[in-house]
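The first chain written gets the first letter, and so on, giving A, B, C and D; residue counts start at 1 in each chain.
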């Protein structure tokens, strides 16, 4: 036996994404954001997208380009405070934003990836984030039912990969990537280094390739990936 | 800054476990089972224990020794078919066994470790495992609420560790260990190799030491850990 | 043919079931007979075998002398990695099963009903060791097939109008491989697809505890 | 003293807050002022700093020239590992927070109420960027302390009888470090514990928007 080869190009992978898709995008700030996949999505111009991402990147970077290009209808996020463009798009009604507590967003995505329907939690009780949410009673306590999140597509940035799609992540570039890489039926990973099967130790794999559909090696790292001078 | 040192001995760690404790025990078959911690628990003789473990090991090994010694009141497990002693203890009423679907046991433990109250799933609907369980309706479908599991103590077997309790696991000895290592306020890890701080790459850590309370290096690996001749 | 060598019949069943596995699939082979399918897969078939205790990319089963004490499959057999294998915890392992990443599972059975119900984990009063991962595999793999002898050791049919034992999953079995035949579960019940070499339609019909749809066309053999 | 150097007052507040962190703790320092506490921790204090984007064992903050592009804290600062650091995903990171493994979080505040309610994430109509991880940190850390200037830039008190802004968490703040004082949240409301050097009880009372319990004993200074 051998394992299937899932390597492709950035262009071909992104061309599989239809208008109206719900897309999970990895990353927390710069680390782990799949900037090249995002730039290709801007170039191809898919419309009416729903994005699920921890943050809105910063002005002129990452998913801000999709928002500025009018491709985003809805954003599900935890914090967009570093992107003034996104805040003004929200305030002017050009995009709709659903906010979620950060760890609960992570768990909702993970639940989607784990084939669960929902999680039950006390997080947000007593705050406005609890408003309108389904409630369940357990052991005499009222708790919130937070539905699992899945997407049509997940865009992942990984450090190393093999052709089957086994992935590893560098440092804090891990963040939401391994969670999102389980939570969509089409998982596309851009990777900094693609090695042959066997180049990753089975213990080192952070996302098993069985969850991944398309692997595209980056030919270069654009400035987007660099260190931000603050 | 430096990280706290949590190293101790097998004896001292197990001495912290009281009678009546609920104890999660890692392992799936032989790999990952903390045989040395279990043998010390047999020696010290804590009583009225509730064990949570994927399986009941095999006759004469692992938690079978605790069952045979009359220390176990209840076992929460997925499959005890390889241990005839455990089945006869169940049939004669000497222990009570709660069965759970394997992946749902994993998720219930993980939910406990993640500070969630429950998960919601369709697994088990239409089978007798659904009987008596709390039901919640979502999107017109009736689903099962599976409560999170936590224990008083988790007994973990790891391959490598550092003094802070960062852990790695070998091959399929991972199984339930990283999940249980999050799901108790007292996590005790027996480890095959204890290295200094910095001996594990931060990316390689599978259980962050912040979840672990006590780390005991094994002076030798008993026969329990060896290859079973079938 | 009642006088056919039962070992040959079993080997044919396993070889035929192996052809159910095609390029690109992620597959979980249940404990027992289904695991034997591994030995019948073409050497270069690109396929990913999964085991629920936490591994994708299962390689050859190893004898005692060459085994790794930390590397088993869910049935306890010592297995080996291949280039591209990955290890993960039990939560990730079943995430893969429940989230639709398992293309195929091949399971054993005590009983299969003509509506696709499966019973394979409990015989009340006799065998109640717990379901392990069977319920999730049967309920969530994209395609569930069963490999089993057509009748039990007493000659009683295992393919039935209704299951009598506690269910593993409802309406999930798509196809059954037996020592006598390949049978599909259709909206109208069991349908004969293929016959084992030397077995007649009548023999299969008599060994099946539910109506068997027999197509008018030639029935392939395996 | 109203004419005290505000930079000195801020430095004293940070240095005092740093003493809240004791050996063995796992600590999350909120974005902004709380992060500055790092520089005041004794070099050999055994303590584990956590950041919600997926790291334990945070070391020194690094300048542009020495930064690793993949290694930031939740506030976007480039940080470094120490021996024993670990990286993990966002689900594990908040599992640590919610399951009781975070001994202490030190957060900023817009408002703190005398019952321990905290508001620090939203000013309706002005500032609504989303709560990030604040709600879980405030709701689940074993001990929640706040570091903030005693009054806002207009001189209005931030310690109040009731919060007016949307809450981050109810009844979770145990202690407040300000440029004027250390104040505990007790069952009876705010209680003065320590005074900044040169600040009088009356100044603190006047800058606090709720009754302040002042013990009869000597008030230590910092």
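The criterion applied here is as follows: a contact is a pair of C-beta atoms (placed from the backbone, for glycine too) under 8 Å apart; a residue touches a chain by one contact, two chains touch by 3 or more.
Keep in mind the model is a prediction, meaning the values are calculated, not measured.
Asks: What's the overlap between the neighbours of chain A and those of chain B?
Replies: Common contact partners of chain A and chain B, which must touch each of the two, are C, D.
Asks: Which chain pair shares more contacting C-beta pairs: A-D, or B-D?
Replies: Counting C-beta pairs in contact for A-D and B-D gives the edge to A-D.
Asks: Compute the distance, rounded to whole Å, between the mean C-alpha positions of chain A and chain D.
Replies: Each chain reduced to its C-alpha mean, chain A and chain D end up 30 Å apart.
Asks: Could you tell me the distance, in whole angstrom, between the mean C-alpha positions of chain A and chain C?
Replies: 36
Asks: Between chain C and chain D, what distance separates the C-alpha centroids? Give it in angstrom.
Replies: 58
Asks: Multi-chain contacts only, two chains or more: what residues does chain A have there?
Replies: Each of 107, 114-116, 121-122, 169-171, 202-203 in chain A touches at least two other chains.
Asks: Out of chain C, which residues touch more than one other chain, so two or more?
Replies: 55, 81, 87-88, 91, 94-95, 97-98, 140
Asks: Looking only at which chains touch which, which shape fits best: line, ring, star, complete or other?
Replies: Shape of the chain contacts: other, as it matches none of the listed patterns.
Asks: Which two-chain combinations qualify as touching?
Replies: A-B, A-C, A-D, B-C, B-D
Asks: Name, in rising order, each residue of chain A that touches chain B in their complex.
Replies: Of all residues in chain A, those touching chain B are 107, 111, 114-122, 134, 136, 138, 141, 143, 145, 147, 168-171, 202-204.
Asks: Can you check the complex and tell me which residues of chain D touch chain A?
Replies: On the chain D side, the touching residues are 51-55, 64, 67-74, 76, 78, 81, 87-91, 93-95, 97-98, 128-133, 135-136, 139-140, 166-170.
Asks: State the interface residues of chain B toward chain C in the complex, per the touch definition above.
Replies: 28-32, 54, 77-82, 87, 90, 97, 99, 101-107, 109-110, 121-124, 126-129, 159, 169-179, 225-230
Asks: Show me the residue ranges of chain D that touch chain B in the complex, using the header's touch definition.
Replies: The contact residues of chain D facing chain B are 23-24, 26, 38, 41, 43-50, 55-57, 59, 81-88, 91-92, 94-101, 140.
Asks: Which bits of chain B are touching chain D when the two form their complex?
Replies: Checking each residue of chain B against chain D gives 1-5, 112-116, 162-164, 166, 182-183, 185, 196-198, 200, 202-203, 205, 208-211.
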